[in-house]
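I have placed the structure first, in the form of structure tokens, so that the comments after it can refer back to it.
All chains are identified by letter, namely A, B, C, D and E, in their written order; residue positions are counted from 1 within each chain.
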Amino acid sequence: MPDILRMFSYPFMARAFAAGVAVALASSLLGVSLVLKRYSMIGDGLSHVSFGCLAIAAALNWSPLAVSLPVVTASAFLLLRLNESKRVYGDAAIALISTASLAVGVIVVSLTTGMNVDVYNYMFGSILSITQTDMILSIVIAVIVCGVFALLFHRIFAVTFDEPFSKATGLNTDVYNTLFALLTAVTIVVGMRLVGALLISGIIIFPPLAAMRVAKTFRKATVLSAIISVICFFAGLTMSFALNLPAGASVVALNAAVFIIMFAAGLISSAVMKRKV
Amino acid sequence: MPDILRMFSYPFMARAFAAGVAVALASSLLGVSLVLKRYSMIGDGLSHVSFGCLAIAAALNWSPLAVSLPVVTASAFLLLRLNESKRVYGDAAIALISTASLAVGVIVVSLTTGMNVDVYNYMFGSILSITQTDMILSIVIAVIVCGVFALLFHRIFAVTFDEPFSKATGLNTDVYNTLFALLTAVTIVVGMRLVGALLISGIIIFPPLAAMRVAKTFRKATVLSAIISVICFFAGLTMSFALNLPAGASVVALNAAVFIIMFAAGLISSAVMKRKV
Amino acid sequence: MRELLICKGATFSYEGMAVIKEADFTAFEGEYLCVTGENGSGKSTLIKGILGLKQPAAGKIEYAGGLKKREIGYLPQQAAVKKDFPAGVLEVALSGCLNGMGLRPFYNKADKERARECLELMGVYRLKNRSFGELSGGEQRRVLLARALCSAKRLLVLDEPVSGLDPSASRELYDTVKMLNEDRGITIIMVTHDIDAALTYANKILCLDCGKAFYGTPEEFSASHEGKKLYGGHRHA
Amino acid sequence: MRELLICKGATFSYEGMAVIKEADFTAFEGEYLCVTGENGSGKSTLIKGILGLKQPAAGKIEYAGGLKKREIGYLPQQAAVKKDFPAGVLEVALSGCLNGMGLRPFYNKADKERARECLELMGVYRLKNRSFGELSGGEQRRVLLARALCSAKRLLVLDEPVSGLDPSASRELYDTVKMLNEDRGITIIMVTHDIDAALTYANKILCLDCGKAFYGTPEEFSASHEGKKLYGGHRHA
Amino acid sequence: NEGGGEGLLIVAIAYAPYDFAKEVTAGTGAEVKMLLKPGTESHTFEPTPQDIIALEKCGLLIYTGGESDSWAQKILSGLSNKSLKTVVISEIEGICEEHGEEGHEGHSHEDPHYWTSLKNSRLIVSAIAQSLEEIDPENAPAYRENASAYNQKLLELDERFEELIAGAPRDTIIVADRFPLKHFVEDYGLKYYSAFDGCAAESEVPAATVALLSDKVRELNVPVVFIIELSNGNIAKTITQGTNAKIKTFYTCHNVAAADFERGLSYYDMMSENYRSLGEALI
């Protein structure tokens, strides 16, 4: 298939592959902890927060990014740190913040004469329209995320698994939680801008959940999640080129398919096991 | 303020009050269990599912409602029943289904030539655009939901609190779970059509979470949630009329404000308590 | 004595690994059966099998003598405690009465009286308006025991009831269970690591150990190899 | 003997209700302190206070003798078991070694050896590749004990360590703790309802009971009012 | 309650019909209101009670009909305003005939942006005027006059487009965006390549399409790549990278940015701007 090989001759495809693999790697690594901490919907929730920000930016005639980047990052950070007080469930916190942002956004839009931008333009990035700078940015972020994650891997596990124990035995849980929240906030916010909210949400949940179907240890789950994510990204983007399908949605659909296969495999294998006995 | 009393002279406002109170009551009752079962994001998730349905309906040239109503109801049902196998977290299940639906929807839209529908059109409900029939429908649903909920109240508590115990001691947990899922699916799907996804999501989460800040028993939490929800609805709609704000968003914003007040009150009271000792 | 529960060659397995192999025993009405065995020997699994919470991979467990599920009381070993769940202590105890209510939707006086009584037996009636999630580990255990007592009409299944209880609560629990067994004729199945108590109170002992099981009276058990192994090393022997 | 932990008039309260009022005691290096008391008397609360997981409403708890948090091992009473969490048994035990690692990011040979040793001491090394969430209640307890042993350098804090353990595991645990205390000089603070064991092994007993506390040696405790109340009613007395 | 209730109130959902109604009612004291807020998509729109009251009071409602604003139809069905007249653009006689069906399993998805064709716009203007004449016979002459004057302007612009396209060396435009311009290109037989086929809000572009567009930009050496208003133009930036092509906005007049709305940018202004841009694009 020379046609498929041809795709690398387009600079935008090369950029998409490079940036996408970087983002896929970073998000899927963080995804395992996010899913376990009940933050599966964080991507979706933050996209609503950014709608609220855009509405306010338009009302104040400020630059949309100048408002949304810091506010969304702060929300992500807040969401992740809220969990620790254990007073609000992770998913409930997301629902609260995202619904409230939507409501505020709708009210602000109605109070002002209107907006200057189509919000969807700002919320849905596209992996295909990534610039050189964006690509470098995402690679830098991915390298930082993967590096810090690897170095903190065991500590992130300990804190996610049993925070009181870690705290009691002298681990600086605050530092690790803060670092984790920071990495996540940056990855999601930048990722959402570059590759779109849909793709980011998809990468955060599908690979970790698929990996958790079969992996019994945190390390295996994390590594498998990263592998699934990168492979699905590659295959999805290629599929998008070959079959002329939307890029981000193809990657997500492929991730979903892998999850379903893993899920079914898990069910079947346990059924077979049962019969064997 | 004769101006505010005037609002009842508009038939659409009278209908909005009647239908809205009905929906607010039903959703906030179910909301307590939904939040506890980690289904806070169910409203948001289902709105994405219905996007997928509408894309498919448009592609096949079928009636949008004929596809989306049954599929969304089925998804809601499936989501709520998935939890029982305990193999997937509630919030992760929502994230899976909603992200996959979005991806499928986007792909289908792209495969269909020249689709111009803003699919949100069909999801779009507004409490102000309710017809006589819709109003009756929502009141009937609310009466059924409240009735069944009251009759099953103790059993729903038992099943939500400790399902294995209930099952082991001869409660027909399947029946109660199914009934609960059914009530929820119908309330959310119909509510979403009538009053909009934003308002439904808002009512499902804010009143229960606000109530749970202060209530120590399930009964108190449920009753308080219903009271908060109805009062906020009334006040929100009145505010919307008086200040010319979007109706659903005003109700949600008010709910959010009540939650924040309750949250702050909880924090302050515990701080004061601490100092007193 | 009537048969109440018949376990015929029941095998239980997780992911294809059998933890209980062909267990055979019959519990009679009015018996006091203690189940012991090492950690991980499959006691809780067996209990779940008896209660229908886990299906046997082979063989079967049958109820006899007209025993119905809604006549059973149950104390799980680990209750998934949901910290933020707004569940009042009284609500939790009352939920034990549900299985005797048939189609009646609300609790009546008798149910409330029963719940009060059971909570008092376990010494936690004074906590009745507290939230379950805030209680101490032992207090939670006691509340769950009260719930189990509420729901037990003919069979009471307890998975490590005294773990986490203080000595006086344990003593009272043993007395209460004995009373239920002797005065009300309720059959008891109790998982316990407290061999002394098992030998004192039980009239049948089932010892699961790494696959093969011992089943007999306390006297037989004391004399048996398994019994010697466990009891012989016991500090108070 | 050096002081290790000084508790000065520490009061702990939940929502304004005090559960421990002005507790005063000092733990010395190398001591074996058992904490007993009724359910709900505030033992776990005190432990959380000692570990800095809960702030006292009044008074304070201080570390002395250069004790640092990362020299402490801890077994919680109830670990929030996350069923579906993909946590390997070895990973859980190893996480006990983290507090001795300083800034080193990965485990080294010594850490792995230590984890293996602790798991073997608790008899669960053979489960090392299993998922923590799938284990039986007692097996989970043993793994968490292994983790606590891994992290204990100078102080080991155990909240009801034997609850859920089978008799032989309990015996081994007591032996292990004794060995750590005597041979390695690790200070022990153990919450337990097993008064026999407390009297046998401990050299200090703290009994919390409905607000007022007893603190002294086992001999003093046996003679005291609280001791009589608890121990006198004890079956094996 | 001001006297505003006395005058005729006309409500339009989208921008172009709103602007037409303003032109037709100029000088008659009728009030025209646009339901969508400038710069927003319909799914971030939620009506306020005053919006519904406006609909209850209004004499004429102009909407597209069909799939694109079913939410508006839903609001309509709940109204008790019995005297409300409507202009349903998709049902105006003659508006679709020219283009016919595209032979897609019976009925393809009709582009609801009818007003991108100046010919359609004239029909819409006439239809609005006709309805207004019936509702408000007193001002009928004014409406008729305004409409024919305005239609004359539109006709002239239409002819200038015709001329421009007939005389231009190029016959192809590239729209690196959603494509709500079917009626426009069909009017003049323009060829086009676009990133999307329709104007769905939730859409994402396939990789192969971007590749095709970027090939075409180079192959045809086009001077201008179009985007539509309110777009971020990311795809356009991608496909013009490394070429000399400029990026220009082609107005579809579905809605306008708040700023443009405030400075009173009209349909005619936007179409004239489109004329200028097209002139550059077809060189």
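Methods note: contacts are C-beta pairs under 8 Å (C-beta built on N, C-alpha and C of every residue); 3 or more make two chains touch, one makes a residue touch a chain.
Source: prediction; values computed, not measured.
Trainee: Under the touch criterion given at the top, what is the topological distance in steps from subunit D to subunit E?
Mentor: Minimal hop count between subunit D and subunit E: 2.
Trainee: By that same contact rule, can you tell me which chains touch subunit A and subunit E alike?
Mentor: Both subunit A and subunit E are touched by B, going by the contact rule given at the top.
Trainee: State the chain with the largest centre-to-centre distance from subunit D, centres being mean CA positions.
Mentor: Centre of mass proxy via C-alpha means gives E as farthest from subunit D.
Trainee: Same or different for subunit C and subunit D, where same means more than half of the interface numbers show up on both copies?
Mentor: Same-residue interface.
Trainee: Can you name the chain that lies farthest from subunit A, using the mean of each chain's Cα atoms as its centre?
Mentor: Centre of mass proxy via C-alpha means gives C as farthest from subunit A.
Trainee: Taking each chain's centre as the mean of its CA atoms, how far is subunit A from subunit C in angstrom?
Mentor: A distance of 45 Å separates the two centres.
Trainee: Quick check: how many Å separate the C-alpha centres of subunit A and subunit D?
Mentor: Distance between chain centres, rounded to whole Å: 40 Å.
Trainee: Measuring from the mean C-alpha position of subunit C to the mean C-alpha position of subunit E, what distance in angstrom results?
Mentor: 74
Trainee: Out of subunit D, which residues touch more than one other chain, so two or more?
Mentor: Residues 80, 83-84 of subunit D touch two or more partner chains.
Trainee: What residues in subunit E touch two or more of the other chains?
Mentor: 41, 46, 48, 201-206
Trainee: At least two partner chains per residue is the criterion; list those residues in subunit B.
Mentor: Within subunit B, the residues that touch at least two other chains are 89, 102, 106, 110, 198, 245-246, 248-249.
Trainee: For a test of understanding, state which residues of subunit B touch subunit E in their complex under the given definition.
Mentor: 7, 10-13, 15, 51, 58, 61, 102, 105-106, 109-110, 112-126, 128-131, 134, 196, 198, 240-241, 244-249
Trainee: What residues on subunit C touch subunit D, complex-wise?
Mentor: Interface residues on the subunit C side: 14, 36-40, 44-45, 77-78, 80-81, 83, 127, 134-139, 141-142, 160, 163-171, 193, 195-197, 200, 230, 233-236.
Trainee: For the complex, give me every residue of subunit B touching subunit C.
Mentor: Against subunit C, subunit B makes touches at 32, 36, 150-155, 157-158, 160-162, 164-171, 212, 215-221.
Trainee: Where on subunit C is subunit B touching in the complex?
Mentor: Residues 51-53, 68-74, 76, 79-80, 82, 84-88, 90-92, 94-96, 98-99, 105-107, 129-131, 147, 151, 157.
Trainee: Applying the document's contact rule, which stretches of subunit E touch subunit A when the two form their complex?
Mentor: Against subunit A, the touching part of subunit E is residues 37-41, 44-46, 48, 201-211, 214, 230-232, 234-235, 237-239, 241-242, 257-259, 261-262.
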